[in-house]
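You will see chain A twice below: alongside chain B first, and alongside chain C after that.
Let's look at the complex of A and B:
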């Protein structure tokens, strides 16, 4: 059978399904792939008033300028180090939380904890900033007042850049641990209960069942999430940093990331070409990291996404 | 596949397509009409009524200062204005009114997206940032000479200097109001409680801060943002350098950002000393006018570097609610060691408009502002709104309608865009006397008028930023506050400035100095 005939036959056979998905593909092409053409802005000194035809083509000059920018190295370092911290601290948190939830036997309590844990995810970072400011601002922050009442000297949080990576991690965990555990809870729910019963018959304790059954069954899900996390290694959480740090420049030395820099370059300083070049740099590195991680995952146990 | 499933699939497909089109949106993009200026077509020789002029526009105006204006009200005023000029300028408007926060980002997105824009309203410092984009702004010299003579004649020369670049091109139309907004408010009642006079120099101010710190442990002695405190304090340091002064001449005659001058180190050292002594809020960069106003109104600060009108007038009622016996006043400009008060020059330009170069309506826009200058009724309509609805004519004066307070006017100034203080006497406002706040403005003006002007030597010169757009030195706004609030030594200031030079600043200085020397030569 000639392949193209079976392809056409396939199209005809499932024409209504293809018709149903066609608008989505068109959307994807228009809003996701067509805008990629605008990335050529990174190779021009782009002036909005002149458009591409009037803007000079500069090749890789924007990338050279980017790598020579005074703060670029620090922003790359901050982005990577914050993501490493998140990988170590924020990535396991939903897994551990999901396991703990799964072990709760009391149904109502379990549901209540799950629901309450999901709620912070739906709180905007702007609101989180307001909450955080109410807690730690040096003038009337609740935590500061509590510390003073206990005879301690509270730090001036908003001028202590050394504390802010920790604050970003803590707020990230608080906000996302509940929602992030949903995927793992679904995976845990799919584990065959007979394995637990067999293990119990063989005398395995609850801990042993977690480590010998639950975790190994979660590995494929964890690997997939890890690959996606590695793909975001060069991406800061723009919303979080922009909302919590904003224009508080004393904190930039430790928490100014590539994403906020792109925002400032492009939207505040009108330097679209440089901002685009930085974005391409981010994406290129992320792509390489995803490929490497996927390859490693495949080699280790065929857990790769593709 | 059953008919039902086929039908369901088709229905879902249609729903997705409709959602797609709905999401794209249609917008309202009327094609710009002809911009040929024509005078009234009424013929004096016949009785045939004049044909109304063909309406031009809409002129798209980006306006990021909405204050309390309500859309419903400004549309009424807009309609009235368009009717009032239907037989001469015949403009129509499309105002894009956005919140002030994030205004530059919104404007940049519009510019990058190629959206139609004719007129942009900004602060002059923000407007200067757009000088680096070629072919963005329309030079206005020819248009002003032809259609804006009254603007040229009536707006003071100092305002035009601020709007002119080094090539002699007038790039903006200015508002004009000598409104001093950098200063300091202080709790006078607390001074009296402590038996202290109002401080007149830095040493006395520091004594007050130390006294407040000891006497009122729950209070932060002083707080404020650098664009208020720098200009207020720089005279006491005999410095031309401050957050407010963009450029100055260094010892070798080079044009440099003023904050890179060695004398600015004195200002940084002053702030650092204040932070270390617990006199000045170390977290000042995380605050804003609103959060500081809250601190003032709740008695958490004793000294507030701000626009004194904000503390003593606009927040007066809120402050008095919490402290009926509380009293505020403004600090006089602190003197230098020789006992002289100094304050940086102000061009009186707090707001400007620039016309986009590809706009077809440059002539009409200049005519609009010229009409505002020459036609008192037109000016009253644009600044105060519709008579009878937004204001009441009292003959020689006007007043707000009963029940409308001055801080909650549903329409004020939006379509006038630029206000000129010398037009306030057209028909003065009758204000309900409020002796507790009415004294503030005149007293402030008198105080600032008593100070010597700090001149940089660059008056009349505005560097062209386009040739240096490629250079990206470190951002001084990021690094200098770190020297103040962190544990680094004050000598870190020198390292920061050196870094600035090493990362592109040197090239910027060379280019600006070259332009300045050319300008000097041309203006001999």
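Let's look at the complex of A and C:
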């Protein structure tokens, strides 16, 4: 048995390794753990110039104010409804894409398709906004011009809130379908080929093989991704909404989400406490959702993350 | 023996040609893939062509795939009319270099220490790192920390808070843990210290994961627009390309809020359509050129990231 060492002895003995991990500890303490302490703001009426000692403690008052805010219900609804659409439409997209790509037999063609499909993942939402602008801008957008030349009247995209949930979902699928498929493709590559062969001998068609062998083998990966997705149901895609919609208020009624609202509260209106309270509300719901999904996944068949 | 080898060979040749779907499906699938590829590419193609199209033609006929004339004028204008974009390009390159180096250096050091199985308190420290992925203070408290440190309107605000990339640290740690321990032991017998072992032995044999990290981090810093927007408030000399891009598209594609419109000065007025497109290309082309060659690395990274402890 290893003789028991005291804390100091351990630190001295492994000092170089601890020196290596020291910057990590310091940085995480400052930039990740210290902000957690700042969450107290939600229970004060916080004035940055006066600090906590000069700001009155108000208990849960900020949460009450929050739930009574005119736009709060709308923002919660938008966040959830957009995420439900994304769960139904953009979550399965990489899975379907991976299965279809796996069916391509020409190696070079397959590789080319994959490489090109990753491209949108590597540009920022700001660039996506620019690409969208080239397509649907009122005066110059290619889609608008094409519609006009066919005798149609193009919609005034940037003032039509009814179109933007769809635009958010389409751009999300476009940006992430390729890159998201990598994980599933790896899972497909790990499936033992002999299973297909055995099924083929029993007369299973390729479609049957996909639905009876490939999909069931993907289920564990899908469930892990699903649990992570569920945890995000109360979070909007800030970068996407902020880049594509930004300060375009006419669109807020359908696409303004909690995250963009937090940004505006905290950094435009100086309502630090309200914004922080909203963030805590989000985190609490997310935590509960992850726990519930994980529990269900474990009940169904030991699929949970923990 | 021969039979066995033949059997293995047979199976191998079968592996390369798994059972294929019916012909109509394969034709349909190929066509679908071509269609999807076009959908991924067309927006970029459109912007690329528009960036070479004379402004007059865009004003008359909008953005189009087959302009009657091509010109380099838009790029000359972009970099010649004011030094705004030249400076932003340099800031972006500088930020990408320094941010990637800084994060890679400190994150990999921490990852290495936490990958040593004999290190006391390793479990607790790893949990300390891991926990930051589960709970976060969120936008406003994090912003306050950076502000209180006096980093607002300095370049430090753009890369210092990201010095430790938690997710990358965990991935690198997993990767270092898979290296054979014998290498380290023999080096220790030769009297090498921990830093020597890390820089001389572990790093050189970990090229794939380091390359993966460089790809992730460099793309992240190159695409960064939110941090500059938050922290660079007065000193616009530190604007990045993405930041400018946001500004020029925000101001026209979307209605200006009255506050923004009032504070806009003449030199901030949106440039013409074609020049805007040239600006998009300048931010996209470097990534476009680099990422296909690094593909195997980021695929590698996703695989290692998927491994649970």
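Please note the rule applied: the second predicted complex is superposed on the first by the 272 of 306 C-alpha atoms of A that agree within 3 Å, B and C clash if a C-alpha of one lies under 4 Å from a C-alpha of the other, contacts with A are read in each partner's own complex, and residues count from 1 in each chain.
Here is the rule we go by: a contact is a pair of C-beta atoms (placed from the backbone, for glycine too) under 8 Å apart; a residue touches a chain by one contact, two chains touch by 3 or more.
Not measured: the values here are computed from a predicted model.
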item: Simultaneous placement of chain C and chain B on chain A, clash or fit; value: clash
item: Touched partner set for A:252, first chain B, second chain C, both or neither; value: first
item: Chain B versus chain C as contact partner of A:140, first or second or both or neither; value: both
item: Dominant toucher of chain A (residue count), chain B or chain C; value: C
item: Touching partner for A:16 - first (chain B), second (chain C), both, neither; value: both
item: Partner chain(s) touched by A:70 [first = chain B, second = chain C, both, neither]; value: first
item: Partner chain(s) touched by A:27 [first = chain B, second = chain C, both, neither]; value: both
item: Touched partner set for A:47, first chain B, second chain C, both or neither; value: first
item: Contacts of A:228 with chain B and chain C, given as first, second, both or neither; value: neither
item: Touching partner for A:156 - first (chain B), second (chain C), both, neither; value: first
item: Which superposed partner A:266 touches (first chain B, second chain C, both, neither); value: both
item: Single chain C stretch clashing with chain B - from 42-50, 132-140 or 186-194; value: 186-194
item: Residues of chain A at both interfaces, chain B in one complex, chain C in the other; value: 16-17, 20, 23-24, 27, 48, 133, 137, 139-140, 158-159, 246-250, 263, 266-267, 272
item: Footprint of chain A on chain C - complex, ascending; value: 14-15, 17-22, 25-26, 29-30, 32-33, 36-37, 39-41, 43-44, 46-47, 50, 58-59, 61-65, 106-107, 109-110, 112-114, 116, 119-121, 125, 128-129, 132, 135-147, 149, 161, 163-164, 166, 169, 193-195, 198, 219, 223-226, 230, 242, 245-246, 249-250, 253-257, 260, 273, 276-277, 280, 283-284, 287-288, 291-292, 295, 299, 302-303, 306
item: Partner chain A, residues of chain B touching it in the complex; value: 1, 5-6, 9-10, 12-13, 16-17, 20, 104-105, 108-109, 111-114, 129-130, 132-136, 220, 281-283, 285-286, 295, 300, 357-358, 469-470, 472-475, 477-479, 481-482, 485-486, 499, 503-504
item: Sites on chain A touched by chain C in the complex; value: 5, 10, 14, 16-18, 20-21, 23-25, 27-28, 30-39, 41, 48, 97, 100-101, 103-105, 109, 112-120, 122-124, 126-127, 129-135, 137, 139-142, 144-145, 158-159, 174, 178, 182-183, 186, 193, 196-197, 200, 205-207, 209, 239, 242-243, 245-250, 259, 262-263, 266-267, 272, 275-276, 279-280, 282-283
item: In the complex, chain A residues that touch chain B; value: 16-17, 19-20, 22-24, 26-27, 45, 47-51, 65, 68-71, 133, 137-140, 156-159, 161, 246-250, 252-253, 256, 263, 266-272, 274
